[in-house]
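The data blocks that follow each hold one structure.
Shared between the two complexes below is chain A, which has chain B as its partner in the first and chain C in the second.
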Partner chain A sequence: MNVLELDDVRLDLPSKHGDRTLLRGVSLSLAPGEALGLVGESGSGKSMTLRTVLRTEPAGARVTGRVLLDGRDVRTLGAADLRRVRADAIAMISQNPRAALNPVLRVARFLVEGLCDARGESREAATRRARDLLAQVGIADVDRCMASYPHQLSGGMLQRVVIAAAVASAPRLLLADEPTTALDVTTQSEVMAILDGQRREHGMAMLFVTHDLELASAVCDRIAVLYAGEIVEIATPAQLHAAPRHPYTRLLLDSRPNIAARVPALPVIPGRPIAAYEVEGGCAFAARCPWAAPRCEREEPALVHDAGRTTRCLRAGELADELAGAPADDAAGVSGAPAETGRDGETEARA
Partner chain B sequence: MSTTAENVIEISGLSKQFAVGRGKRRRTVHALDDVSLAVADGSCLAVVGESGSGKTTLARILVGLESADGGEVVLAGRPVARRPRRAERRARARDIQMVFQDPNGSLNRRRTVEAAIKEVLAAHHRVTGDEARRRVGELLDQVGLRPAHARALPGELSGGQQQRVAIARALAAEPRVLVLDEAVAALDVSVQAQVLNLLAEIRQARRLTYLFITHDLSVVRQVSEEVVVMRQGRIVERGSTDEVLDRPRHAYTVLLRDSAPRPGWRPRLSTGADAREVEA
Partner chain C sequence: MTAQALERPAVRRRGGDLADRLGPLGLAAVAVVALITLAALCAPLITSHDPAIGSVIERYQGPSAEHLLGTDQSGRDLLARLLYGARTSLLGAAVVVLLAGAGGALLALVAAWFGRTVDALVGRVLDLLFAFPNLLLAILAVAVFGTGLGQVTVALAIAYVPYTARVLRSVALRERRLGYVQAAELQGLSGLVVSVRHILPNIAPQILTGAAINFGYAMIDLAALSFLGLGVQPPTADWGLMVSQGKDSLLQGHAQQSVFAGVCIVVAVAAFSVIGERLGGRKAGGRA
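And then the complex of A and B:
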C-alpha cells in the first residue's frame, strides 16, 4: 500500500475578491521509502499541497478530495487521531529552522522533551538518544550543540537539529518544504546529504518541495512538476532531463543558466507564472506555450498515464520527439537513477 | 583585471570592521580585510561568495551606504571621500547605482512607478514635467514594461515586474556603473531568465559596467567576463570566468563549484565547509 495518496485535492481560499482556487485537483502517490519532488515556481501550489497533508492550510480554506496516509483519510480524522498522526507518522522540515525551535530552550531540552513526550522514554534514555541523533546528523561537537540556544547556532546547524528531531520518531513520511533554500550553497550540499542519508537509513518516504529542479533531481526517485495549482508532469529525474514530455518542463530546464557553458541568450518563457485562480479554461500553460495550438486554449488537458510517463498536455504525443531534442549539453550529464548512486556506504558495498 | 582599458572602479586596501555581540562575547568581525580590485570600463565583474564573505559590504561602500574603515575607492577617476559631502554624494549617485535582491524593500509601496522614476530624474538631472513623463515611458519600454505600468503601485506588480522597475529607476540616474546585489536571486526561474537577458541587452546598449554580486555560479557563467571569489572578507581567487569555473585554483572555489546542483550532481559531505559551527 502507498504511504501517501492524494486524490483530486482541490483547495479554495475565500478572499475579498471572492473565492480563489489555489489547487485545481492534485493527485499523486508515494510508495514506502520513495522520495517524490514537488517542483514549481511561486504560486504553483507546491507548498499548499504539502500543507493539505498535515492539515495546516490557511484558516477558512475549503479542501476537497482525499489525502490517504497508509489508507486512512487524514482530512476526516478527529482531533485526537490527527494529533497522533502529526506526532508519530509524519515529520515536517521547513525552510526556516528557527521557527521549529523554541528560542528560549537549549537544544538539549528541545530534543529530550520531544523524545520523552512522543515516546515516553526516561530522561536518561532520551538524553542518550538525543546525543546519538545529533552525531548521526554530522554534528561534531555534540556537547556544545546540546548546550546551545538556537540563536547561537548557524542556520545549517539548526537545520541539522531539526532533521535529528524529525527522524527521532522514525516517521513513515517526511515532508520537506524548501529545507535548504535559506542556506548557503556549501551548507545546502551538506544538509541535503545528511537529509538524504537519514531518509534512506530510516526507510522514510519523502515529499520534497523545492523550486530547484536540479536539487530535486539529485535526491528524488520521481519528480512532479506543478504549474498553476496542478501537476503537469511526473517522471524520474533521468526521464525529465533526457526527454521531458511537457513544454513547461522543457522550458524550465532550458531557461536556467548552465554552470558549464554560457549561451548567447537564455531561452525565455514569455510572461510570468500564473496562479491557479487566474486560469481561464483550456490548458493553464497555453498562454505562455510556444507549442500551443488553437485547441489548447479551449480544451482542458487531463493528466494522462501512458507507458510509464504521466503528462498533462494535449499535444504530448506529437511533441515527444521535439521536446526530447537536447538544446544544451545537459542531457549527457545525467547519470543513472538516484537509487544507484546512494550513500557512500552503498557505493562502497557495491564496489 | 585588464590594465589596458580604463578602470571605472579602483579599490585598494579596503577594510571594514563591525563589532558584534555584547559584554564578554564582544568581538570584531572583519567584513572586508584588505580588498583591492579594479573594474574595467564597460565590463561585467561577478563577485561571488556566501554569507559573511563581505560581498554586500563591498557593494554598500561603493554606492556610499556604508563608509570604509581604511583603504581607498576611486570611482570614475575621482577618489571617494570617506565622509562625503552632500554634493559629492549626489555626484556619486550619477556614477553608480544599485539594484537590490528585494525590489519590495527598495520601492515605496505608496508611490506609483512613474513617481518613483520621476524622483530620480528630478534629483539627478533636473528633468521634470512632460520631458520627465517621456523619459519614464522610454525607461519602462527599455525594461520591457508597458506604458500603463507607469500608474501602477509596486503592490500591483509581480516580483519580476517590480525588479524591472527597480532597474529602470537605477537607469534613470544614467549611471556608468550598476551594482546588482543578488538582483535575480529571488525571481522565479522563468522570470530570472528574462531579467538576465534584459540586463545583458541594457549593458550592451548603454555600455554600462556591472558589478554583479551573486552566490550562483550558473548566473556567473552566463553574465560575467571576470569573477572574484570572496570568503570571510578576503578575495581568495580572481580571473576570467571560464578560467575560474573550469580550472579553479583555490580549494574554496572548488568547494563552491562542487556544491552547485546540476545534472548528475549529488549532495556531499565535505569536511570544513560548515566551519561556523557555533557562533561564539
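And then the complex of A and C:
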C-alpha cells in the first residue's frame, strides 16, 4: 500500500472577492521509502499541498478530495487520532529552523521533552536517544549542542537538530518544506546529505518541496512539477532532464543558470506565473506556452498516464520530440528576450 | 524569501543584563523592596514589642529610646506595628498578584490556544469584569462573605484578572502564531502540553512585569479597604488600618501614626511601580 495518496485534492479559500482556489485537484502517490519532489514557482501550491496532509491549511479553507495516509483518510480524523498521526506517522521539517525551535528552551529540553511528551518515553531513555540522534545527524560536540539555546547555534546546526527531532519518531512519512532554503550553499549540501541519509536509513518516504530542480533531482526518486495549483508532470529525474513532456517543465529546465555557459541574460519564461484561481478554462499554462495551439485555450488537459510518464498537456504526444533533448534557445526561441526580462527575472530565480 | 528568513531577528533579547535594564533608580527600588521584605520577615528580631499590646498610660508618646517611633492611641509601639504591618500589607498584595497572574495567564493561554469563539468569549467576560471598579467588587465580596483579609484579597485578585489577562492574551496570541508553537503542534503534542511547555515560558517575562506593576496597585487597594474597615480587622497591624486609626489622633495633634504608615505605603508602592515599569519599559505593550 502507498504511504501517502492524494486523490483529487482541491483547496478553496473563501475571501472577500469570492472563493480563491489554491489547489485544483492534486493527485499523487508515494510508495514506502520513496522520495517525491514537489517543484514549482512561488504560489503554485507546493506548500499548500503539504499543509493539506498535515491539516494545517489556513483557517476557513475548504478542502475536498482524499488524503490517505497508509490507507486512512487524514482529512476525516478526529482530534485525538490526528494528534497520534502527527506524533507517530508524519514528521515535518520546515524552511526556517530558527523559527521552529522554542527560543527559551535548550536543545536538550526540546529533544527530550519532545520524545517524552509525544511518545511517552522515560527521561533517561529519551536523553540517551536524543544524544544518539544528534550524533547521527553529524553533530560533533553533542554535549555542547545539548546545552545550547537555539540562538547560540548556527542555522545548519539548528536544521540538524530539527532533522534529529523529525526522525526521532521513525515516521512513515517525512514532509520537508524547502529544508535548506534558509541555509548557505555549503551547509545546504551537508544538511541535505544528512537528511537523505537519515531518510534511507529509517526507510521513510519523503515529500520534498523545493524551488531547486537540481536539488530535487539529486535526492528524489520522482519529481512532480506543479503549476497554478495542479500537477503538470510527474517523472523520474532522469526522464525529466532527458525528455520533459510538458512545455512548462522544458522551460523550467532551460531557465536554470548554467555554470558552463556564459549567457548575456538568463532565459526566462515569458509572462508571469498565474495563481490557481486565475485559471479560466483551457490549459493553465496556455498563455505563457510558446507551443500553445488554439485548442489549448479551450480544452482543459487531463493528467494522462502513459508508458510510465504522467503529463498534463494536450499536445504532449506531438511535442515529445521537440521538447526532448535540445536546450530551448534553438528549440522555441525562449532565450532571454530583452523585452521580457524586467520583473519576470523573479520567475527563474525562484523556480 | 531566503534573505527574509535569515534576516528576521529570530533571537529575541530575553532577560539580558537585568541590572542594565533596571538602571540606578530601578536598583534603588529593588533595594527598598528588599529592605522592606527583610524588615517584615525579621520583625521579632528588630523590636521586642508586641504590635497588638500596649499600655494606655503610654499613649501618644513621641519617639524615645524605648519606643523609637513613639506610640499610638492605645500605647502600642508604632515601630513594631509598622514592621508587623508590613507582613500583612506585603502578603496580601503578593497573594492578589499571584492569583491574578495565574488566573490571567490561564485565561490568556486558553484564549490564545483555541482562538475564535473561545477567545471572543474570554474577551467578553473580561470586559464584563472591567466594568466593575476594583474596590466596588471587593466591597461586594465583603457584603456577601463578610469582612476580612482573605475575602478582600480574593475579591481583589478577581478584579485584577482582566488587567493581566488582557496583556498576556495579546502576547500569547503572538507566540501562538510563531513557528515553534506550530512545530510543537505538528509533533503531535496536545494543546495543554504546548501551552505549558512552550508558550508559558515565552510569556513569563510579561507575567513577571505585570505582577511587579500590579503589586503596587494591590497594596494601595488593600490599604484603602483596610482604611474603610473592610479588610484587615484590628488589632492586627496593617499599614492601611494604621492610617485609618491614626486619623482620630490626627485631630488631637498626634500625626505620627498616619504619617509613618502613609509614608511606608507610598515608598513601597513607588518602589514596586518603578521596578515594574523598568522591567516592562523596553517591551512593546508590556504595560499591565
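Here, the second predicted complex is superposed on the first by the 324 of 351 C-alpha atoms of A that agree within 3 Å, B and C clash if a C-alpha of one lies under 4 Å from a C-alpha of the other, contacts with A are read in each partner's own complex, and residues count from 1 in each chain.
Criterion: a residue touches a chain if its C-beta (ideal position, glycine included) is under 8 Å from a C-beta of that chain, and two chains touch if they have at least 3 such contacts.
On a predicted model such as this, the values are computed, not experimentally measured, just so you know.
Novice: Using the superposition on chain A, tell me whether chain B and chain C clash or fit.
Specialist: In the superposition, chain B and chain C stay clear of each other.
Novice: Would you sort A:E34 into first (chain B), second (chain C), both or neither based on which partner it touches?
Specialist: So A:E34 meets neither chain B nor chain C here.
Novice: For A:E57 in the superposed arrangement: first (chain B), second (chain C), both or neither?
Specialist: neither
Novice: Of the two partner chains, chain B (first) and chain C (second), which one does A:V219 touch, if any: first, second, both, or neither?
Specialist: First partner only, chain B.
Novice: State whether A:E233 touches chain B only (first), chain C only (second), both chains, or neither.
Specialist: neither
Novice: Quick one: classify A:P150 as touching chain B (first), chain C (second), both or neither.
Specialist: After superposing on A, A:P150 lies in contact with chain C but is clear of chain B.
Novice: On the A-aligned overlay, A:L101 touches which partner chain: chain B = first, chain C = second, or both, or neither?
Specialist: After superposition on chain A, A:L101 lies in contact with chain C alone.
Novice: What is the contact status of A:D117 with respect to chain B (first) and chain C (second): first, second, both, or neither?
Specialist: Second partner only.
Novice: Touching A:V85, do we find chain B (first), chain C (second), both, or neither?
Specialist: Second partner only, chain C.
Novice: Report for A:D177: first if it touches chain B alone, second if chain C alone, otherwise both or neither.
Specialist: A:D177 sits against neither chain B nor chain C.
Novice: Who wins on chain A residues touched, chain B or chain C?
Specialist: Higher number of touched chain A residues: B.
Novice: On the combined arrangement from the superposition, state the nearest Cα-Cα distance between chain B and chain C in Å.
Specialist: 6
Novice: Please identify the positions on chain A that touch both chain B and chain C, taking each partner from its own complex.
Specialist: 42
Novice: Okay, in this complex, where on chain B does chain A touch?
Specialist: It is residues 50-51, 158-161, 188-194, 196-197, 200, 215-219, 221-222, 245, 255-270, 273-274, 276-280 of chain B that touch chain A.
Novice: Tell me, which parts of chain C touch chain A in their complex?
Specialist: The touching residues are 1-2, 5-6, 8, 10-12, 14, 116, 178-180, 182-190, 193, 197-198, 201-202.
Novice: In their shared complex, at which residues does chain A touch chain B?
Specialist: 41-42, 138-141, 144-145, 148, 152-154, 156-157, 184-194, 196, 211-215, 217-219, 241, 251-252, 255-263, 265-269, 272-273, 288, 330-331, 333-335, 341
Novice: Which chain A residues qualify as touching chain C in the complex?
Specialist: 42, 54, 56, 59, 83-88, 90-92, 94-96, 98-105, 113-114, 117-118, 150-151, 155, 162, 165, 169, 181-182, 350
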